[in-house]
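Contents: one structure, followed by commentary.
Labels A, B, C, D and E are assigned to the chains in the order they are written; within every chain, residues are numbered from 1.
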Amino acid sequence: MTSSRLKKILEKGHFAVTSECGPPKGADPKAVQDKGKTLKGFVDSVNVTDNQTGVVRLSSMASCVLLKNEGLEPVLQMVTRDRNRIALQSDILGASALGLRNILCLTGDHQSFGNQPQAKGVFDLDSIQLIQTVRKMRDQGVILGGEKLTLPPDLFIGAAENPFADPLNYRAARLAKKVAAGAEFIQTQCIYNIGRFKEWMVEIRERGLHKKVFILGGITPLKSARMAEYMSKNVAGIDVPAEIIERMKSVPAGDQRKEGIKITIELIKELQGIEGVHGVHIMAIEWEDAVPEIVREAGLAQRPDVD
Amino acid sequence: MKKTNAGKKYAIFFCQQIDKNQDVNRRSIEKEFGPQIRFFPIPCSGRIEPLHLMRAIESGADKVYVVTCPEGACRYREGNIRARKRLLYTQNLIEEIGLERGMLELIRLKAGNNYTVDKLTRELLG
Amino acid sequence: MITAVRKPMEEIRGMIAPFKKILIVGCGTCVAECASGGEKEVGLLASALRIDAKNRKREIEIKEMTIDRQCVYEFIDQLTGIIENYEAVLSLGCGAGVQALAEIFPVAKIFPALNTTFIGQTKEPGLWIENCRACGDCKLGDFAAICPVTRCSKSLFNGPCGGSKDGNCEVDPELPCAWNLIITRLEEKGELGRLEKIYEPVDWSKMGKGPRKIMREDQSI
Amino acid sequence: MASNKVTFIFPEVKEMPSRFRNALGKYLITINKACTNCGKCIEVCPYAVFKSGMKRPKALSDHLCIGYDCSKNDYYCVNKCPEKAISLRLNPSFEVLGDRRWPAELLASTWNMAASGELPANLNYKTGNSGGGFDKIGILFPEKSKKEEDDIKNESLDGISTAIDLNHSQDSRPEVTIPIPVYLGGMSFGSVSIVTMLSRVRAATNLGTFCCTGEGGFPEELIPYSDHIITQVATGLFGVKEETIKRVRIVEFKYAQGAKPGLGGHLLGDKVTPRVAAMRQAVPGTALFSPFPFHSVYSVEDHKKHVDWIKEVNPKTLVSIKVSTPTDVDMVAVGAYYAGAHIIHLDGSYGGTGAAPEIAKKNIAMPIEYAIPKVHKFLTSEGIRNKITVIASGGIRSAYDMAKAIAMGADGICIGTADLVALECIRCHHCESGRGCARGIATTDEELTNLMNLEWGTQRIINMYISWRRQLMRILKRLNMKSVTELTGRTDLIAHIDHIHNRKLNGILEL
Amino acid sequence: MAHKYHILTSPTPARFKPITKAGIIAWEEGCLKCARCVKKDCVYKVYEKRSLDSRQMLDSLDTACMDCFRCVQNCPNRLIQKSINPLYKALGDNYWTPEIIENIWNQAENGRVPVSGGGYHGPFSGPGFDAMWTDMSEIVRPTRDGIHGREYISTTVDLGRKLMSLEFDSGGKLISSPPPLVEIPLPVIFDVLPWSPGGKGINLAFLEAARNTRTFAVIHQADFMTDMDEYVPNIILFADDDVLKLSKEMIRRLKIIELPDSGNVMAIQEHLKKINPALVIFIRFRLSRNASVRAAALAKEGAEVIHLTANENGMGKAEDPLFIKDRIRQIHSHLIEAGLRDEVTLIGSGGVAMAEHVAKLVICGADAVAVDIPLLVAMECRVCRRCTEGISCPVDLENIDYAWGASRIRNLISGWHNQLLEVMGAMGIREIRRMRGEMGRAMFFEELEKEIFSGMGIKGLINGK
């Protein structure tokens, strides 16, 4: 059985580069395969969103398998919004059986934001309970309630954390809780306010958490000034400082994408210099083709071989 | 009164604080209009409740006015604000049964004027 | 208290359309408190329906009645001898009240005039908020008496999620983030340590296997 | 002189705030949502109107607020509030309170005195609004400069006596001195609750004076206070027993009462509870009427026989004759003297506490303001004024009314209604209806009786009288008098504003 | 002895909610619905009885409330407030005060003597009837009946002319013929109204009530309708139109005819008497400065009953400055001086609003009184006088059921009768005929004020000496 490549890269101390892939709103495998082709070679793993923001898309599990078949290493995102503990545990077993080796445990965006606001949110477990559950299944070989599995799943367990959401003073504590629950790597919410992020990292280091968990800084390249403003105003938990918005506005519309990439690269370089940051997670929303350029410009195009 | 208003029935709720001599002042107009017009003097417009307004419509009023003192001038502090909120609620209700919101109208007087009920009513009825 | 809101007039009208003699029954308890089904609201609805019928040139006879509680037999019994004279009954009780009426008067045609919404609290005049989901496994003691099941949009036991902004919930920015409240209050009490524990998945089975019941031997006759 | 004999120690004033959640005052203060609970209002207000609260301060004591007059002060809360969250307005309920004789301000002042023994700020505590009698009679104070007035205000009141003697007959019976020129008038058990009755009796005891039982008998709870009780023998003879007459120092013969002159008493059936009935030897639930007049008295001789009977039963007791105020009230008073009474008690037509036909209260017999001078003058001209004590009652509401009544010719006064006001009566005039007083004063309903507690009631009445006494002493001081006995009959020191006709007055007239 | 006069009463509720003194201002927003006011504090169950009168858009709680203030004082949020009801203040006028109107309404509803606790609450005195107190007697007199006792107090009076002496022939046979007398058990008759909204119900209610209380109602000649036929024994027909239009048959059936005073009034009296010798004639005129002279002249000429009228406020013709009670005192005294008083009957009317006014007018010298407006107020009239301007009556008096109205009037008269007994009992007088003109048994404000207060405040003068 092969184990997680991402885990190996992180354990060996390499600065990891991961990216994100949003599945299509349809049954078309090509869309996933094309995205995979674009990213292949530039990133260590690709994580596939699970009906992000409550919008119905091709399933995360299926997309992961498609990517795996393209030769990439997928990270399976799993949200607790849509499945109860029976479905979740069943899917965890299924993922492992299909050869997926990474799982990112999330609660998920509220259904009211998506295209199915009438849906009943499940929220049987929360993200921390999901982490715990995967850990239990993998390490103790039992499901919730203690029943034994014939073969435990093999998954590298990740979680997300947002250093920018309220209450700020509790954010590090919350990460500690996720680590205690069993998270092995963390992807953060997209970072624009590097100052706040650094403060958070200070707290993380004070608690020694950077030694217990691999932290990947989340980055989303800005396409335009409008996007910057929109995110700042409308997306809860995202903190886009005014300077960044101004900087995007200061260039003509046609050059804003370029400027966005420039900012992204600067941020990545900053992240590399922060103690306890183990990698970067690039979330180029519906702009996956920008990833190779970013990775190249950041000087990270040479991905290590760990197999 | 305008020709178009002939035969219409009016219910006028008004805060008695606006015209201390309302009892006498409203007589001339009542004489003129007869049963077409009914006055409901209330000690404070804050006493108005949606049920009062509904009952006025139910008993045949084509138009119900609620006349309050100027905002900020209520003897009981916020009676006129209450009246406004309750009128709004009732407007929503009557709209649901297909009546015009305009059947219920709030007349908030301007501060600093001396009003008499008869003059006011004449103005309202055009 | 159980809260409710009046159904749209169109829907109520549809339900009672075939009938001429209608009894409107209010409930003097929870729904009176939340101003949706008390004596006054019964009066308003009756008034509206009468005016509406008149405008549509329909004949309709409405009787208004409000009983103390629509979910307790002793009060419902006051309708005996009255309800029979009406073709239809519009109940301004909560779902429990409507069902109780229907059970005691199985022949009567009983329709709900309210949409029952939630169990809540009168936050301030004119504002009611949900604060209990009746999960049957109260953990308020751990969470500074703020219910995460009800008041967190995602019912997180190990919150907050990453969506809280300015202390408010991302799902409804008008509402405070329950976890923000929990953390602030625990911090004030110096009990933030309570949250270090990871809460195991909730035993939702207490929320019921089918309809719930409470049996108190000491209270039963 | 009385003052030399008596070294009486008066009870202390103790704070006894309203029994109800919201005291009634002239002004109303509200604090709106803008309040940040900074506590500034609590800090600045010298009248302690505000109390701290969890969300925002509470204006719980706005009855102590001095109102718009405060706006000139630098501690005016409305201006001081940084959030402009405080608003002040006239209490709309205040205008509903009270009546012409007891206007809202007089009620609120009396509550204030009963709560703290202090005079209220900014309220008329002296007179009512009846448009005649006491309300138009002023006291003529000697002209003084402002400085002299201020000096008097601050001077000690020591050495001024408010005591009066009740036995002027020089018979062999004991001298009875009361340290204040007031005793508490008869309100029967049945018309008022046992708590009210005991509160008054205990207050009278503490104040060294007397309280009359009224005609409903002598409940045994009163026995410990027998030395301060006047037992009443009225036309119905309800609850009159030899043992009760033997027990007391003063027996009062009630011929008539001011509230219903010439009519008997009337206790409505609802108020006749088993306890009341037992006391009166009557059937519970049936209305009780006292007949009128004494069926055994048809002449002055019969009248004397009555007095003699009492004197025979109790050789130590004083006898008081309580009468109403007919056209010939002066003759009646003289008759009382010749029958052997120690005290003639004139009950004017506008007072009274129990239920009475309105036609009687308003129209029958004369107001006390006419009766006192009439009687005083006649007794003086008959040469017997100094042989009998004149007590006046019926419509005396304040310390100022008391001083005026004494100046008109009374030795002392008797009070009923003001005591009830001290107990937070609001004079709704519904003592008689249904379960009785909704405020638990004039009721026999058990639940309503429990609205009041004995300690509270006793102290409220004490507080009020302590305040009255201080006011009386201040008046005497300003009149350069050392004893209240000097004031009796000094009609030159009072004047009615409708009857001064631009005449030069003997001082400054103060209403 | 005659049968004890007793008026049957029965509770007769008002059709409209009475206007009460104090009203409750809204308490809704912010109400915690703690139910303290409803369940715990309100002794009168006011809030439970709350409902809406849609004709007046009033809450019933205002009428049930007894102003005890417990809800105001105990509301945890201080949301309940009371205020004076401006409609109450606007009732009536300076003479017909809201208090009087309220008092009449209450009696008309339940027939009871108004009783209240807590002493007198009104002004010290006032103009007119309020400047007078009646006497009481402490001991020396017979026991009284009042309403509850054993002995009988008579309120019966005779209307008509009386002979000062009887003459007999030598055989002992009566040769003088006593003029006809009409006896009424209470010195009150019902007068024509100065104004009213019209409608047959009002007159019928008066007549029905007159019959039930064994008295008479004055009816304008023009208002007499055939459906009043059965009430003829209780009608005083006021021949203010043309007395000659009256049929002989009608004159024969009537007991009393009232004539407006005029130069030839005695001639008309004679004419009528010829047709019906049993007829009693009233002569009616408005009080004025020379009323005494006119009354004496009429008495001398053989008038039987003189009906002296004042306006609604108890005042005579415009130039007359005297109030009815004072003018009648004067007429009474004048007739005594002229030696004529006991031959005629005097009836006074105008401004009589309360039971005490009946007693006071009798003490001042009237044998009986005629009442007008209170009878209308008994039927819920608000003395707004809108009817005089031709505007709708707020209590729809035009369309009353006369039986209901009669019941309300009867209740009022019963209340007045009992109050009259209270006043007479207190005075120790057992016959109202003996109370007439007993001015020594009354106290007059002007006299007392002068006697008591004018000597006060004078240096060196103590007790006016």
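The rule we apply is simple: contacts are C-beta pairs under 8 Å (C-beta built on N, C-alpha and C of every residue); 3 or more make two chains touch, one makes a residue touch a chain.
Keep in mind that this is a model prediction, so the values were computed, not measured.
Ranked by separation of Cα centres from subunit A, the top chain is E.
Counting C-beta pairs in contact, the chain pair with the largest number is D-E. Chain centroids computed from C-alpha atoms place B closest to the centre of all protein C-alpha atoms shown. We define each chain's centre as the mean of its Cα atoms; on that basis subunit A and subunit C are separated by 40 Å. Subunit C and subunit E have centres, each the mean of its CA atoms, that are 60 Å apart. Once the centre of each chain is set as its mean CA position, subunit A and subunit B turn out to be 63 Å apart.
Centroids of subunit A and subunit D (each the mean of its C-alpha atoms) stand 85 Å apart. In subunit D, the residues that touch at least two other chains are 92. With touch defined as above, residues shared between interfaces to two or more other chains in subunit B number as follows: 49, 51, 55, 58, 76.
Within subunit C, residues 43 each touch two or more of the remaining chains. By the touch criterion given at the top, residues 18, 20-24, 28, 91-93, 95-97, 99-102, 130-133, 135-137, 140, 255-256, 259, 261-264, 266, 289, 291-295, 297-300, 302-303, 323-324, 326-327, 332, 349-367, 369-370, 373-374, 376-377, 380, 395, 409, 417, 420, 425-435, 437-439, 442, 448, 489-496, 498-500, 503, 505-506, 509 of subunit D touch subunit E in their complex. The residues of subunit A lying in touch with subunit C in their complex are 81, 85, 107-110, 112-113, 121, 123-129, 132-133, 144, 160-162, 165-167, 170, 173-174, 176-177, 180-181, 189, 236-237.
Chain contact summary for the complex, subunit B toward subunit E: residues 13, 16, 20, 22-23, 27, 30-31, 34-35, 40-44, 46-47, 49, 51-52, 55-56, 58-59, 76, 79, 82. Interface residues of subunit B, counted against subunit C in their complex, comprise 49-51, 54-55, 57-58, 93-94, 96-99.
Against subunit A, in their complex, subunit C makes its touches with residues 153-167, 170-171, 173, 177, 179-180, 183-184, 192, 195-196, 198-202, 204.
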